[in-house]
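These notes open a run of structures that come right after.
Look for subunit A in each of the two complexes below; its partner is subunit B in the first and subunit C in the second.
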Partner chain A sequence: MGYTLNFNLIWRHFDKLWGGLLLSLELAVISIAIGILIGLLLAVWYVSAGRAVRTVIAAYVEFIRNVPLILLVYLVFYGLPTVVDIAYSAQTSFIATLSLYSGAYLVEVFRSGLEAVPRGQLDAGKAIGLTPWQRLVHVRLPTMLRITLPALSNTFLSLFKDTSVASVISVPELTYGAQWINFNTFRIVEVYLVVTAMYLLTGYALLYALRLVERRFRAAH
Partner chain B sequence: MSISPPANPALLDISDVSKSFGSVEVLRAVSLQVTRGEVVTVIGPSGSGKTTLLRCVNFLESYDSGSIRIDGKEVGFREMGTHQRRSERDLAKMRAETGMVFQSFNLFPHLTAAGNIMLGLRKVRGKSSTEARAIAEHWLGRVGLAHKADSLPAELSGGQQQRVGIARAVAMEPKILLLDEITSALDPELVGEVLEVVRSLAEDGMTMVMVTHEMAFARDASSRIVFMADGGVSAAGPPAEILGTEIDNERLRSFLARFRASHF
Partner chain C sequence: MLGQIAYALPFLAQGFAVTLWVSLLVVVLSLVAGVMMGVGLVYGPAPLRWAVRIFSDTIRGIPILVLIFFVYYGLPAVGIHLESFWAAVLALTLFKTAQVIEYLRGAVGSIPKGQSEAAMAIGLTFRQRLAYVIFPQAFRRFLPPWINGVTDAVKGSALVSLLGITDLMHAINQVIGRTYEAMPLYILGAVIYFVVNYALSLASRRLERRFSFIRE
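For the complex of A and B:
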């Protein structure tokens, strides 16, 4: 038996994949932007708060880290609207989920980054008379960002791959585009080969770009 | 009846300060007065509380009892002996009255030499960016680093970093400069350039309290030497007296003997 590869049908529907890739990137960028906000806010709150707040933040982090992403996606898209009276599109629901998801991981990243800022730098900030807020903004955060940049780009890369989970609620990102072509052309090997290559190439390009940014940051600091 | 102010009021008045870390008493009723323009050197074996005392003066460390006043104002606590900690905002204001130079430099790694000096000038002293830059350049010139204004700390040698550290502290025009073993982390050949800067500040009349192991420098540059042992002031006086051979203090004698043995 022989199976001959035929990519013609894939190229005919390539707009589905291209559009899907762009949407995947968009989902990842928006989610990490919101995730960074959540992560920063909670990490700063965590290191300066009392036990009660710490427990609540830790519970959020543990919950997200121990539940599979796909389940979170189902919970937010199907579960939440049946309990509370809200309506949102699949795409919005997914962005919300992925933001909460990345936020939880980034709380950990930022928290350990904040704690890794050498005490001497904070002492120096105190000694020149900076207020706690000024020490946070001008001393602690810049150093923390420098420390956490590699972890931040890794999080972004895995988030880009995680956008494929959005296909289970029919968000037309890259993996969903692949499934659509598969259902309509049955060229299963071809379409998944192409999509794999697309994830791979985009991932590499992102990694390369992010490493460049990291290097620039190191050189400039 | 009028109460006349003392003839030479202390700029820094440390009185009966005690502090414990857990069950270890690191400061035992320490008292020390420093007048304007004085250079006071604190010496003593490690663990004698020198650094802790210095860190109490700008309230990087709190203390359990006693009082520390600068220009008559209690540093870390609200007035009237309540032992109630000042608000963080007030503490920041009080700390701006003193400058501190650290053993490990503690420059802000993301800011240039000038940027390190400008941060406090802008955010604490409210200077404009141009004013702050001018002041930073003036002080970098004073410490011999005018050409390094735009270098990052990582691009500077230890001695250069420490000189930036000194410039950062004095640019704020503090009432007192606190120097915490500022040459201990330096290679021997870089010690001289840093001490030279301190000497020129002393000649300007800057009031300083320094903890150091540089005995020769302490002898030459200070107006008074304080010997600390076991968390208390064990002896204090002019350098010639404290470092001389006549002194009747067994602990100081053995400290100096051990010190000389290890340095020659």
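For the complex of A and C:
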């Protein structure tokens, strides 16, 4: 095979990878924060709304879930500005895309979570005289969040991996950094070994931390 | 505008055919590899189990895009030359195989232990136990998520456009490069992907309901 591993050039340009990793995390965190807002609002609206609203929300969810993320990224970055008078950086455009994307997945998560809140809790809330709003905020949402926490952390981890798609519109996250080093140094095997290790270590560290949080807030049975 | 798009339709259809061909290859190859490795994970000796576990956890822990670049740029560097089409199919197959391993593990794991013990008690060999007792039951658990997972192969296949393979995604970008009609073409592409994947997820849901008579 005659290929000798040489990591020197990778370490020399490691700032590209380290900065990329931080940006990947930033993109994932901002997107899931907005996604959680979208998901919560639409899920709460869905379970209390009539047929028309439900159809529209379901259409949004199904559309996003069944179209490749890369196409959505292109559509928002290259497509939208041709029909609407807006201008944004690649990074902003990607955050918008990934937020809408995670929002669609989270509507489903929260909706099934809301339905899994035991009926008796809501009746108990009614019995002690809570208003519908109080029942939502103090009874339904807290229980629902406990139930959906594992699904939330899975969504976050998969969003962290999805940030790699931002490289196609030249957002300098981790995969973009890898490609930069790939094309400029040709230490191909080395750079992808290092990047694979970085994704794995970060991903599994996050998984471990999130599992600790889940254990702390586990829903009482 | 419509004229330009109509003019591009045969080209887009060719791209769509490539998308379907890549997806089909990936789905079939990963099914074979994933079921074999999944059986290894559940029933194999410890070293094999560890190997499959490490394979699956590594593949599932990195973005598909990184996997695709690793295979596409990395293999020639170590002297293995694959056409870009086959490099893409290989990378996506690795990704899907890890999924299939987990579906299989979940499905087989959901079959009560008593089934296996009863089969052993009446003297069935390992292969007979799998073929006549475990797999027929596990199949109903395996099928719905697996069909739903086929959409991941179709969606993932859009990434092969980055290797210059003219699939539907790449064809759309090329037509946009000529016509500058970005929005209509992206929407058309989204609709095509949507129709294929939505049909698959409907099929998955229907099967799940059909098989829901199985007791936990």
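In this section, the second predicted complex is superposed on the first by the 217 of 221 C-alpha atoms of A that agree within 3 Å, B and C clash if a C-alpha of one lies under 4 Å from a C-alpha of the other, contacts with A are read in each partner's own complex, and residues count from 1 in each chain.
Just so it is clear, a contact is a pair of C-beta atoms (placed from the backbone, for glycine too) under 8 Å apart; a residue touches a chain by one contact, two chains touch by 3 or more.
Fair warning: this is a prediction, and the values are worked out from it, not measured in the lab.
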First, second, both or neither for A:62, with subunit B first and subunit C second: second
Partner chain(s) touched by A:138 [first = subunit B, second = subunit C, both, neither]: first
First (subunit B), second (subunit C), both or neither touched by A:79: second
Of subunit C and subunit B, partner touching more subunit A residues: C
Touched partner set for A:126, first subunit B, second subunit C, both or neither: first
First (subunit B), second (subunit C), both or neither touched by A:51: neither
Partner chain in contact with A:196 - subunit B first, subunit C second, else both or neither: second
Residue numbers on subunit C that touch subunit A, as the complex places them: 58, 61-66, 69-70, 73-74, 77-79, 151, 154-159, 161-162, 169, 172-173, 176, 180, 182-183, 186-187, 189-190, 193-194, 197-198, 201
Sites on subunit B touched by subunit A in the complex: 58, 60, 88-89, 91-93, 95-100, 102, 104-110, 119-120, 123-124, 152, 154, 168-169, 172
Touching residues (chain side subunit A, partner subunit C) in the complex: 1-3, 62-63, 65-72, 74-75, 78-80, 82-83, 161-165, 167-168, 175, 178-179, 182, 186, 188-189, 192, 195-196, 199-200, 203-204
Subunit A - residues contacting subunit B, complex: 118, 120-121, 123-132, 134, 138-139, 142-143, 146, 221
